[in-house]
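Two complexes follow with chain A in common, the first pairing it with chain B and the second with chain C.
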Partner chain A sequence: MLTRRLFLSDWGGMTVLVLLLAMAVAVPYANLVLPPESPWHLSTYWVALIGKFLTFALLALAIDLIWGYAGILSLGHGAFFGLGGYAMGMYLTRQIGDRGVYGNPELPDFMVFLSYESLPWYWWGFDMFWFAMLMVVLVPGLLALVFGWLAFRSRVTGVYFAIITQALVFALMLAFFRNEMGFGGNNGLTDFKDILGFPVQARETRVALFVVSALVLILAYVASRFIVTSRFGRVLIAVRDAESRARFSGYRVEHYKLWLFVFSAMLAGIAGALYVPQVGIINPGEFAPLRSIEAVLWVAVGGRGSLFGAIIGAFAVNGAKTWFTTAYPMVWLFALGALFVLVTVFLPRGLVGIFRRRRREGGA
Partner chain B sequence: MSVLRNTREAMRRDRVFGFLQPEPDFALPVDTSHGTILYVDDVSVRFDGFLALNRLNLSIDEGELRCIIGPNGAGKTTMMDVITGKTRPDEGGVFFGQNIDLLSLDEYQIARGGIGRKFQKPTVFEALSVFDNLELSMASDKGAWKTLFHRLTPEQRTRIDEVLEMVGLEQQRARMAGALSHGQKQWLEIGMLLMQNPRVLLVDEPVAGMTGDETERTAELLVSLAGGHTVIVVEHDMAFVRSIARRVTVLHQGSVLAEGSMNQIQSDAKVIEVYLGEEA
Partner chain C sequence: MAVWLLIAGGSLHAETQAFGLEMPAADLTAETITPAVPVIAQADPYTGDMIDPSLLGNDPEAAELEAAATEDELMEEAVYEGLEETSADVDLLIQRLPEGSFNDRRAVAEELAATGDPRVPVVLTALVEGRLLATGDDPPRILIRAETGRAGRDALTGEPVDADLIASGRRIPVHNPLRNALRNLIAVATIAAPDPERRAASLRRLMRDDVSPDMLTYLDERVELETDPRVTDLLLTVRALARLNVDDPEQRIESIALLRGSLLSEVRVRLEATATRDDDPEVRDAARDALDSIESRIRFFRFTENLFFGLSAGSVLLLAAIGLAITFGVMGVINMAHGELIMIGAYTTWFIQTLIPEALSTSILLAIPAAFVVAGIVGIAMERGVIQFLYGRPLETLLATFGISLILQQAVRTMFSPLNRPVASPEWLSGSLYVNPILSLTWSRIYILVFAIMVFVALLLVMKKTSLGLKVRAVAQNRPMARALGVRTGWVDALTFGLGAGIAGVAGVALSQLTNVGPNMGQAYIIDSFMVVVFGGVGNLWGTLVGAMGLGMMTKFLEPHTGAVLAKILVLIFIILFIQRRPRGLFPKKGRAAEA
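Right after this comes the complex of A and B.
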């Protein structure tokens, strides 16, 4: 019954899920089992790269959930992604122990450098993996709860909401750039050694992180499908298209928006936490307002309001970006702009829209 | 200064953490022992100095079908906004029965408490099916957590089927609401109100844009609802008003100009001057 509800008529989502599962099996095989001489061998560079895309896809999914289904345009989801990333980064930093440049077992290098006497209170507990993982969802979730509560109950919507989310992420960036904040200033947190006892740089660890990212993305997709196919999900669409009608039908619109926003922020936090060990660094650049806008672009390109479109969009845009930045580094920003214009003009429903139209014309 | 005021408003003690408070009961115990279900008491609404409602007084009996007419800009929609909690009046009070002060309630509470509203411009959930539109409007626990795990019961299905039939949309049940004709959307919205089991229906210009035939069917529907529900209809179409009205209130410049049967209204000199005169 439930599987029917979740997957029936979600052919695109099913395809994407099957592809993700296939990746979760094929990528480890191609990297670990196949010898480097094999034409099918996948280098560790590619594993890490695609693993990073998976975390971007999770961020895009989080954005599509609120934007596509509740019409809440957040141009500040990098805030939640970054906070999740920092929580993971703090855990990884604590794992360095006395292997840092200064060899201080208690304090990370940057704190020794800034002559900290002791570990600030907000770093307590981050040496424990479970605590750090809790913070990965709690910190973004709490920020989203407070921020969303203030915004939604004052009925801030549309472009005004988008602007204040930009302000939020910008404020975080400025704050994290400051050395006094105790998060490593503009260098951020890096030089990680190991995660749960496994060396972060090792091939096997990278493959494991890849698999975990793929599985988390699949789980997040299924959970999001559960939400949007429930009555809750239809209320969201109702709110998106006719907010006052929904109010006069007896719905507390701000609650719906708030809980969805919190859930979405938690997904973004998890995405950030998976991202950091795979790229090996977290710094305030993740809070750059432009990064958040770019993430919204992935969703727009893939096609808003279908969930799997966001995943496709994240892969498509970041794939193109990787290719462009190596082949024609100067052109990328222009290409991104052009892509955005092309999509808005010719594909208002994103890449997914092409297939949808085909199917309809095919009489399916 | 406005920052300070907004901050204060946001931090009001009685509202803080409102999302953690339990939902109010759906059925407010409305006291209608004197036969009156809705009082609008000396209500004034000012928009940038302009008086949209000017000491408006109105009293509606339970089960009544009341028509409210008046020229454009008379304040009819604003009056509905005040009753349903969308606009807070600058002065005056609005009561549901003897005991419930509507001004202290939010839109969702007023809606759950039994006052349904149809907008002037038909407003339905266009990206959802006709069936879903009715399902979402149904009186039931509308808390976020409950809707996440909700399953339709057979009784609820039956109720939706009943209303589909009442508003004549059985054939359209699976269609997207956005694909309906203008008149069908009007009916769907009335159907959505009915799903709420309201005691009072506020219906803003229900036959705007309808064909003569559709208008007639709408009149029948509204007349059949009166008695079981209290129905307040705002309308421009005088023929329509004549066909359904028992009691008519004429609004002009934000206050009541005249009230009475259609015949009394039509022979009222003031009314003829400001309103009917243009048509005659």
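Right after this comes the complex of A and C.
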């Protein structure tokens, strides 16, 4: 019953999951086992790049969950992504220990530079992996809980919500740029050495991070699928399509929205935490409003309200971006802008919509 | 609020922009990443790209040093060129400088300073700097060695002399006590300089030291001769300061009463000293009393200044947001490309200025209608081309217009340059209105405040008094009914959007006088503009006015206590919380229209 609900009725999701699983096996094989001269060999650069895309796909999944199923457009999901990333970055920074430029075993380099006497309280505990991982989900979750509670309780919806989430991420960016915040100011956190005792730069670690990212994405997909196909999910869809009606039918609309929003923020936090060790830096640029809006575009391109569409969209847009920015850097922003316009005007259901329509026509 | 983060457009920035949205850590081999070095945070407010601090301006100290050196030389040049008749007495005094002891020299210098001869500051400056030479003739020839090179000129006539003669001259010796005395005397001598700025500067210099009562007669003379009212003020202040040193306590108290009105920091320092060190308790009390009154006046002017800054920031916000109040407030269209329409207006200003570079005032005035038309046309094209297909889907509109904003930015970047364009200001827009030493108001900000209010009133009239305004309101309230009554709603939509866009363009003309004009300038305003409209209440022009002024004031009154960035963050948090309390803003639409 559960299998049918989760998987069998979801042909697109099944395809994407199978592809992800295949990637989780094939990429390590192509990078670690195949010799470099083999045409099928995948360089570590590509492993890290695709690994990065996997974390973006997870962020897109988090956005699609609230946008596609509850009609909440957040233009500030980069806030949760960034906070998760910072939590991971803080753990990685503490792991540097006395190997920093100043060799201080207790304080990160930038704190020595800014002549801190001791570690600020909010850095306590980040030398422990479990604590940092807890914070990766707790900090974004708490922020989402407080922010969402305030917003949904007073029925801030639609574009108003979009605008204040943008204000939130913007305020966070300004705050993290401040050196006084104790998060490394505009340089952010970088120069990482180890994660759980393994060197971050090593090929094997990168492959392991890749596999973990793929597995987390698969798990998150299954969990999200479970939520949206449950009774809870059906109420959400009712809220999305007719909020007042759902409320008058006796559902506590704001609770449904709030819990989904918190879950989505946690997914975004995890995505950020997986992103940081793979790119080796976290800085306030992650909080730039443009980044958050771009992530919404991934979902729009893939097709909102289908979950797997978000994953496809994240890969498609980021793949195109990587190609454009190396081949035609001047054209990229034109292409991105045109993509925004074309997708919203001509493809309201995204790439997934094309296939769905064709399938329906073929089936009829 | 718009000034808190600079958008710089250096070449480095342009490059990161061309690669646009690529990860900051595109370089996955993190070994090369440099360790944390704190730099003053300067970030592009939208993309978060870092801006190289060196692009944000030259080293001000170096520039000042350079300017000072040339200023001295220029003064020297000007003095000797303007020399008409020379007084033989002054010539004789100058020739007596090499004689006798340091004290004799000081006496001669004092006599010289009191003559008011234009050559005196130059000669004394050269003496302080060890560039004043005397030949062995009788009477000796006095020469000034140039600051650079080995040539020089005759101190009496200004005629250039060759290096050989300079080499034969002996340096007239000075020691440190004499140097200090001379610096004061130079200030005294410069009180008579032809340039009022120099006179004012030398008076400010005199205030810093104890002014001797011996100078009183000379100061009296200068007060009689002075024509510039600002310099007269300073002269009177210096005279009052000199009187602080006379023996008669009555006179001291009198001069303190005169100083009550002054806001100069030098006067406050002297009054502090008098309040603590004067022998006479009555004088001390008077000084203390005067200080208190000055303090309270300073507080008042600081408050006025903050008020002005707040109004000014508010007027910038108003200009940026008022077009949005039309497109978002009346039509319900989230136009993320609004900032780019402002940018187009600013570029129009720049373009017209390059067409007629010799007529700055005309070009600015011409730019206002031109920017309205250009931005309006772009707006109408946007509405007809994209937005009309998306009515009723606000979130999609948001994404589509964001895409348009990226395209417009990149188009400007490709057509012109990723670098900032220089937009000049006409004379009446530069400089500031000097009220007193604490308070001076920038003319450009005053004009922009007035301009913003004018635009606001004009828009209000269009909306309330014209048939277009009537139709716009009708369509906003009830579209099917308006259509049934024969209003061409599609056409009204296009014109409304064009109006909002055109006003954004006009805002761009004003903002080009305040900030850099570059492809990214629009992004600085978009979040602020939305905050203003949402805070003031959607669909209400008065709400936009109150919202803009309120947020401007709030930012500027927070800034002295928290710094610009934190003030900005606090205002954002305030708005986020405010929206929770009043989701429809300060002045919400009421009734049936509010549900639409």
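Side notes on the structure shown:
The definition used in the following text is that the second predicted complex is superposed on the first by the 363 of 364 C-alpha atoms of A that agree within 3 Å, B and C clash if a C-alpha of one lies under 4 Å from a C-alpha of the other, contacts with A are read in each partner's own complex, and residues count from 1 in each chain.
Just so it is clear, a contact is a pair of C-beta atoms (placed from the backbone, for glycine too) under 8 Å apart; a residue touches a chain by one contact, two chains touch by 3 or more.
For clarity, every value in this text was computed on a predicted model and none was experimentally measured.
Of the two partners, chain B and chain C, it is C that touches more residues of chain A. Legend: residue contacts after superposition of the two complexes on their common chain; A:Q166 is shown touching chain C, with no touch to chain B. Of the two partner chains placed around the shared chain by superposition, neither chain B nor chain C is touched by A:R5.
Of the two partner chains, neither chain B nor chain C is touched by A:R99. Within the superposed three-chain model, A:A238 lies in touch with chain B and out of touch with chain C [touch as defined at top]. Of the two partner chains, chain B and chain C are each touched by A:S154. In the superposition on chain A, contact is made by A:N187 with chain C only, not with chain B. Once chain A of one complex is fitted onto chain A of the other, the partner contacts of A:Q201 are limited to chain C, with no touch recorded for chain B. Common to the chain B-facing and chain C-facing surfaces of chain A are residues 150, 153-154. Against chain C, the residues of chain A that register as touching in their complex are 45, 48-49, 52, 67, 73, 75, 100-101, 108-110, 113-114, 147, 150-151, 153-156, 158-160, 162-164, 166-168, 170-171, 173-175, 177-179, 184-187, 190-192, 200-201, 278-281, 283-291, 293-294, 296-297, 300, 321, 325, 329-330, 332-334, 336-341, 343-345, 348. Partner chain A is touched in their complex by these residues of chain B: 6, 10, 15, 18-19, 23, 84, 86, 106-108, 111-112, 116-117, 119, 123-128, 132, 135-137, 139, 142-144, 147-150, 192, 196. If you check the complex, the residues on chain C that touch chain A are 18-25, 28-31, 33, 35-39, 41-43, 45-50, 334, 386, 389-390, 393-400, 402-407, 409-411, 413-414, 527, 530-531, 534, 565-566, 568-569, 572-573, 575-577, 579-581, 583.
Across the interface of their complex, chain B is touched by residues 149-150, 153-154, 227, 230-232, 234-235, 237-238, 240-242, 244-256, 258-259 of chain A.
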